[in-house]
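Data block below; observations after.
So that you can tell them apart, the chains are marked A, B and C in the order they are listed, and the count of residues begins at 1 in each.
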C-alpha cells in the first residue's frame, strides 16, 4: 500500500460559535489517505470523527461552524475551492455514504431515479444510459433482481438493501475516494458482514480509496489497512492496522482493545473497560483529553501531548507504552 | 446539517433547571415576542381606559346617537352631521385629529375613537374568553379520549371528526343565528340574546376539534411512551401518571396554542360581528364598527379602516408572541393552527 | 384497496348524516328557540303560532321532521323557503354554486403559485432580510380580516383610485357569468380572487417555508448534497417535493371549506351571488330551509374534499400506499 497520496488532511479544526463562545469539536486532525487503501477513523460518539468526514466533504452547512486547516485532494485545497468546483467533486471524485440508510434516501423517489439523478449530475449521459448504468451498479452490489429493485421506493427496501443502494449510488461516478460514515452501524450483524465484504470487494473492482468512519474495532480489524484512533476531537494514535492491534501504545487504544498488559516493562493497570465517559465538547480538559479516565495519567498530562510518529506509528501520549 | 450529528449532540445542553423556567427565560430573551407583548399590553391598557377617554378627552357618550350635535374646531362651531355633498342625507364628520371626534363620527354621530376603545374591550374579552373555553374543553376532551382509550375514545374521536368536517363558519353562524335571536334557556341556565357570552361560547366551542385532536394524539403517544410504560411496570397508579406525566405535557401544548388561538378567535369574532351575529348593538366590537363603516366606506372610510387596522395589529402581535411561545416551550413543535376563513 | 375505498365512503356517509342531524338539531331543537315563533314573527298569538307550526309540519315529532326535511332536500328537492313561499331552495343553491367555484378556483390558482414563490424564496434565503420581510408580509396577510381587506380593495378600486389608469378597468361590484363574457367574468373576479388569496398566500408561504427549512435538516438532503446536486436542485427536487405532501392535504381542506361556503364574507362584500351570499341573505331573513341547505351543501363539499385528499395522499406520498 504505497500508492500516491490521494487525500491529505492537515491540522483540520472544526468549531461552532455558540452563545457561550466558540466551541471546538475537532481540534487539529491530520492524516493522509493513499490511493487504493482503506483508512479507518475510529472513535466514540463525540470524538469528532463524523464531523471530520463532513468537513472534508464541506457538508457542514451550519452558518456558525468555523473550519480551519487544510484538506488537499490530489493536491487541490478543498476548503478554499469555489462551491461549483466542490459540487462537481462531490458525488464525482469523492463520494460519501451515511450511517442510517433508512433516512438517507428521499422517500418520494424510486431508488433507481435517485441513482440516475447523480449520474446525470456528473456525466453527460442520457436518461436511458444512466438508468442502464444504475441497474448494472445495483447488480454489482449483489442485488438479485436489480431492475425490479430500481423501481422500488426506499421504504419498500430493507436496511441492508438500502445501504447497497447508497453504495451503488456513491460508486456510480467512479469516485477516487469513498467516505463511509458508519456504514454498518444501523444494520443487523449479519448484514453488516455482507456490507463490509462488499466494500472490500469493491475496493478491488472500482479501485477507490475508502475513508471508513466507525466506532467498531471489529470492523476496523476486518477491512482497514491503516487506523486513526480519535478521542475528544484529537488523534490519540494512528498506524497500520496490524501493528496497532498487535502493539497498541496509547492507553485509550489499549482500553478499547481490552489489551492485557505484557509481563515485561512497567506494570500497567488492567483495563477491562474504560471507566467514565468521553467528555462533552464544552468540558473537555485543557491538556490530554483522555487524562481524566486514564489510569496512567500524571501531572504532565495537564499539557497537550504532541503526536509523535515513530516508524509510521503515531501516538499522542506522554506515557505511551514503548513499542 | 446543523448540529444534528452525534458529535455535536451535547452542544446545546441546557443548564439544569425546570423546563418551564427555562422556557420562560427563553421567551423573555426573545426580543420580537417581548416587543409584541408590550404592544398587546398597551392595546389592553388603552381599551381599559375607554371610559376615561370618553368622559375626559372626547366628552361624549359613545353609545347614544348625537345627530344634531355641534363641536368647536378652531373657534368655529361645526355640526357633527353635515349635509351630504350630493344633497341626499347626512354625512358624519370626518377625522378631526383632535380630542373630540378624533377619528370622526359614524352615521349616528357617535365618536368613532371612543367606540374603538369600547369595541376593543369586547373584542379582547371575547377573544380571551373563547380561548380559555376552547383550551379547557379541548384539553379535557383530548386527555379523556386519549387516556381512557376504548369506547370513550372511539366516541369522542368520532365526534371530533364530525365537527372537524363541519365548516367552522357555518357552524358558528348556525349557532349564532339560533342563540342571538332567542337566547338560550337550558334549565336554570339562561342567556340573554344580547349577552357577550354567546359569541364567547360559540367561538370557544367551534374550534375545540382544532386543539383537541392534536392533544388527543399527544396523550396517546405519551401513554405509549417508554417512560410511562416504565412507570406502569413499576406499579405507579394511573392517576399519578396522569397528573405527573400527562397533564404537564398537555399544559405546555395548551400554552403554545393559546396566543395563536386567541388570534384566530379575534378574527372569528370580527367576522361574526360583521355578519351582525356576534356582538349586538348598541355594544360595539371592532367587527361591528367595520360593519358601521361599510355604508360610509366611500365617504368616511376611516370608520371602517380604523377597527380593521386595530384588529390587524393585535392579531399580528398575537402571532409574533405565539411564535415566540412556541419556540420557547416546544422547539420541535409540529403544531399548526389552521386558519379558516 | 377496494375495501379501503368502501370503508372511506362509509365514513363519508356517516359524517354527512351526523352533520345533517347536528344542523337539524341546532335549528329545530335548541332549548328556548322555537322555529315557529321565528317564522311567525315577534309577538305572534298562540293561535298563530299553532297554525304556523302545523303548516310547516313543526308539530310532528323531531325524527319525523328530520326525515321530512331530508326528503324534501335530497329526494324530491322541492323544499321551499319559509320566508318567500314558493321559492325552491335546491335550484337556488345549485345556481349559486358556479359563482362560488369561480371565485375559489381562481383564488386557489393565485395563492398556490404565489405561496410557492414566497415559501421557496424565504427558505432559500433563510435568516436573511429577504426571508424576514417575506415572513412579515405573510404574517400580516394572515392577520387581516378578509372581509375588511375586501372593503379596502373596494375603497381603492371602486372609489379612491378608480379613475386612475391603474383601476379604471375594474367593473362595478357584481358577477358576470362565464357563459356571458369570458373577459367580463375575469374582470369581475380579479379583485376578489386577489383579496381571497392574500390570507392563504401568507398561511401557505409560512407553512411551506417552515416545512422546507425542516426538510433541509433531513438526512436525505445531506445525501443530495453529497451527490453533488446544486442548491436549486436540492430545494426544488428534494426538499420541496417532500414539503408539498403536507401542503396538498392542507390545500384540499381549505379548498373544500371555501367552496363549501367559507368564502361567505368576501362574497358578501364583493357582491358575488355565490352560496355564501345566499347563506347571508337567508341569515338576514332567518330562512331556515335555506340555511340548512347551504350548511349541508358546504358539509358535502368538505367531506368530499377530505376524501379526495386522502386518496391524493397515496399518489403523492409513496409511503402512504
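One rule holds for everything that comes next: a residue touches a chain if its C-beta (ideal position, glycine included) is under 8 Å from a C-beta of that chain, and two chains touch if they have at least 3 such contacts.
As the structure is a computational prediction, the values presented were derived from the model and not from experiment.
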Note = Relative to chain B, the most remote chain by C-alpha centroid is chain A
Query = What pair of chains is linked by the most C-beta contacts?
reply = B-C
Request  = Please report how many Å separate the Cα centroid of chain A from that of chain C, as a whole number.
outcome  = 54
Note = Averaging C-alpha coordinates per chain, one finds the centres of chain B and chain C separated by a number of Å equal to 21
Query = On chain B, where are the residues touching two or more other chains?
reply = 1-2
Ask   = Considering chain A alone, which of its residues make contact with at least two other chains?
value = 59, 61
Message = Could you pull out the residues of chain C that touch at least 2 other chains?
response = 222
Message = Which stretch or stretches of chain C touch chain A in the complex?
response = 127, 218-220, 222-230, 233, 237-238, 241-242, 245, 316-319
Task = Mind listing the chain B positions that touch chain C in their complex?
result = 1-2, 4, 161-162, 165-171, 173-175, 177-179, 181-186, 190, 263, 267, 270-271, 274-275, 277, 287, 290, 293-294, 297-298, 301, 304-305, 307-308, 311-312, 315-316, 319-320, 336, 338-341
Request  = Within their complex, state which residues of chain C touch chain B.
outcome  = 15, 18-19, 22-23, 26-27, 30-34, 37-38, 139-140, 142-149, 151-152, 154-155, 158-160, 199, 203, 207, 217, 222, 250, 253-254, 257, 260-262, 264-265, 268-269, 279-280, 283, 286, 291, 294-295, 298-299, 302-303, 306
Request  = Would you pull the chain A residues touching chain C in the complex into a rising list?
outcome  = 57, 59, 61, 63, 87-92, 95-96, 98, 100, 103-109, 117-118, 121-122, 153, 155, 166, 169
